[in-house]
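You will see two complexes here that share chain A, one where it goes with chain B and one where it goes with chain C.
Moving on, here comes the complex of A and B:
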């Protein structure tokens, strides 16, 4: 908890300092506004701090490098991960703060704000939610995170190779869980495995002992967990406490402190975006070094995603400034579709017509509270 | 700025409808329901489906929403109204929890947790209109209807039931019918608010119709003053504008607005219940304990 508090202080300090760091040229002009629609209070507040840390570091780098004629500033709005609050906040960002670019997270929030951003032609970028139904919400709604179905698909060959053929699924009853269930039903048999049981849990559930008992009856080789938020570590802990000893597998939502710090999560295997923080390209190494210096911790997937989202804005706005074009939603989209490929943390990020980024994925395992690449 | 204020005002008008209609049940009839968000949700889904499948006409959507919410409230109210006071609170709590599960599971109608997207904005006779004038019009009609009803013999019956149910029954009043009609009126109004909400947001999912929302609407009524025409409106405006206003205070870090807001909410509610127990617009002599 104290680590989280110190991280929060560092984050707030970074936010306060970020607008003032940068070249003298950049400081002289009105800033570009990057709005954030993250939960900063309520049960999902942990995510808000995590997301903001990545975005704040990117802004710091953009301002320090002076790649834009104007500085970049964050305008944070608290959504509590709820759609109604998010729509009020998005309207404020668009109409009052005149945000040039908005960062979004959580499926319901993203769906609720998409019509507002679409009408205002303001680019919204999601780097946290992975529901496949987030693709194509609006021409101005982009995803810098591989959506869940792509991650699950990427894990299947690895599981078959390891002999994890009989899979039981615990999935949250929402579009994310439904999508992963669909993939395991169709693609797992095609890859040579079988789905031996699927168990849906409500999003607010916190008791999983009965699910664990039913999973044990199916005698799986592995248990796939498709959930997110505070529920994840509880599922892991209660499966282990109730005698489920088989390997647990999942997707990138597991890459948060509350899971990494759960002792029962030792050996958890999950997909994340491929990021070689030590031997990767200069952008990746700089991000990892500066993040560690500021937060005294390794960066996670979400910090990478929101760093990339803001870095993408810097690169697109830089292109527009070079051609003396206005930095607005229409022009940002035009440049995105013209260039398609960008140097981001983790390597090249490629965007399709709908604004969805595809990136290389890797398979990681939690060992001693740290992530180790295993595939 | 205008668009932002218009959006806030639209949501304000929608929540004023919710608070005003809940006030009919709570303030005039003494029926403490913590399931108002259920009927708000039913109206939202009904209005959304009308707009998506038939025609995006605001009047039609509101009518359908009022019918669905009003009729379903009767089905539920008739058995539930046999219990009084805290027992009805418990019954409505059960209904609220059951409805959230149903909203999450009835995916063909509600879209499940993923919700319904692409709902067209409000139109009147084929012309696209802003939500605000439609919501204000609906609010005016509901307030007028409430004022007229409460001055009628039906209104006096409700207030008699609120003050002494057994006495009203002894005087030959049909308590069950009066309470059921009051609930139907309140829930049909919530349905209208739901249809407006769906067309305004252009997206609805179950997260807008949870117990938290019901409690918020109840708080609006209590803070404003139960049993008054204007009190719930004052409560709705305060509770909606408070977080929006706090977001503009420069000395609160924007990342801490949510936490500060929660503290201020709690503090304001506590202070209000101490110093204005009958609400901001309520009768000062009501609610205070006398030694």
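Moving on, here comes the complex of A and C:
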């Protein structure tokens, strides 16, 4: 009888602690390191907070679900969106922190760190930069965001249809700005429009009233702005304040609070990814619900992208753990190319041979501080 | 017409550069402290005006609060940072590093409390209207020019007619003699920091209305202030003010001749030209070695 009692106690005790075994095992092991190369200070710091919020929620979900044998943690490095700082940070992540996976952003930063990650065979995932040459940068550099050429492909027919054929471009003197200039130079005439002026501005420029005067002289139908961070709101405000009344158009970098809250940004048209948070699948709904609960605001495109980037790591690492294979860059890439399709926020995420994820795009306009889908 | 448009815009920006540069030059001239955190006074003043404006305060109360915050910051940094360092060691480089550190701390604190993004004061004063064919001018242009002129007139009167102003100039020229006459260099340094920091507040308020603010704006302000101080002649207040105006005008008018990306570079070409051909600046005194 006593033997039976002790066996029952052992069984009950075992059942009682069973739910914690997985998490205890996960907590006791050294964590997987997800490095982030985001601007956490300087004029682009707003993006750093936005990107980190998406990545942090994904890590929270992965750890809570216990899908991996080891916990996942973020190792944040501040790049200030500058390539030089980013290379130093990337070297630290791969050599000192031994990061398993790195999240990158900004075209110039991504291009600068890609060779470091390539040599170390560390996977780098971009969810914020859109320079078209980020595609195929390295076998270990993947994109979970549609790049600029795809955004302009979606936007240009819409602009031509609205009669916005003569376009002036204000672009930041940076690989992103140069890439958009190159795209507009070839794609606009092909779509039936023309680039009537292009105005390069340094990353540190603050005064755009003289640029507005030069733009007015070109008599454009629309002005395309290719910049990022605090500078893009400055450009919008100063163009509007200084007599540029034509429609302003841009790309997904405008999808941040500071732009939406700038009164002069009313009517701004730009491309963003299309995500159905309410009618989507369980992964999408969970993300949207938890994000809103934590931040008291609806999630944006960048939060989706960096959530997806980290969730992708969770799914790939889970597959590798099941194979009892090491979680490293080579194996992560092997599993990515073998599976290709993953359940991510926004639906199925499909990757091509270069590690680029396809995503649906939409054209939005800022009306009363909110984004309204117009195409 | 493009030249006239650019000239007017350059004068507006130059007037603001002149105010910030004059504040820096006043502090540096009187105390010989390379006050790198001068840009932080600008940032704090700008954000104070922004918050008071968002809180619905009348503009003049917001302006007073902005001046008050900049002044207190100037006094505070001298009293709690520079003075203790000078008392113990006094190295120019140590003070510079401390000022640089304060600038970074302020930038991050502003980012934490005010958000890390663009912010501006929405006002019809910054909306330009067409005054001549293809020449646009906003009311803020007249405010910037008028305010700068009034403030420089008051500052000149203070430095030439008031005992404290004359003493400030004396502090720059011969601090030992000043102490021999029983005047306190500490009190005069405090005055220099108070007046110099207060001068950035109007420029910060007008910047908040026109080009907007972000947490890192102080660096740009500092860069312009340093360039203007060197071009104007180290220690010369009117030189710094004139150089600030010149840099603003050069930056804008340059777009008549060069591509937009070279606008800022033109300012620094002016700086290099002065360093090479007239190292003592516009009103500086050449020193024989």
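What we mean here is this: the second predicted complex is superposed on the first by the 348 of 375 C-alpha atoms of A that agree within 3 Å, B and C clash if a C-alpha of one lies under 4 Å from a C-alpha of the other, contacts with A are read in each partner's own complex, and residues count from 1 in each chain.
By our rule, contacts are C-beta pairs under 8 Å (C-beta built on N, C-alpha and C of every residue); 3 or more make two chains touch, one makes a residue touch a chain.
What you see is a predicted model, and the numbers here were worked out from it, not measured in a lab.
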Clash or fit (per the criteria above) of chain B with chain C on chain A: clash
Touched partner set for A:173, first chain B, second chain C, both or neither: both
Contacts of A:83 with chain B and chain C, given as first, second, both or neither: first
Which superposed partner A:94 touches (first chain B, second chain C, both, neither): first
Touching partner for A:52 - first (chain B), second (chain C), both, neither: first
Partner chain(s) touched by A:41 [first = chain B, second = chain C, both, neither]: both
Partner chain in contact with A:151 - chain B first, chain C second, else both or neither: neither
Which superposed partner A:217 touches (first chain B, second chain C, both, neither): second
Chain B and chain C footprints on chain A, overlapping residues: 41-42, 45, 48-49, 173, 202
Residue numbers on chain B that touch chain A, as the complex places them: 1-4, 7-8, 11, 101, 104-105, 112-115, 117, 201-203, 205, 207-208, 243-244, 247, 253-259, 261-262
In the complex with chain C, residue positions of chain A that touch it: 41-43, 45-46, 48-49, 173, 199-202, 204-211, 213-214, 216-217, 229-230, 232-234, 237-238, 240-243, 256-259, 262-263
In the complex with chain B, residue positions of chain A that touch it: 11-12, 15-16, 39-42, 45, 48-49, 52, 75-78, 80, 82-85, 87-89, 91-92, 94-96, 107-108, 111-112, 114-115, 131, 133, 137, 173-175, 178, 202-203
Chain C residues within the chain A interface of the complex: 2, 5-6, 9-10, 12-13, 107-108, 111, 115-120, 122, 126-130, 134, 136, 138, 210-212, 214-217, 220, 251-252, 255, 259-261, 263-265
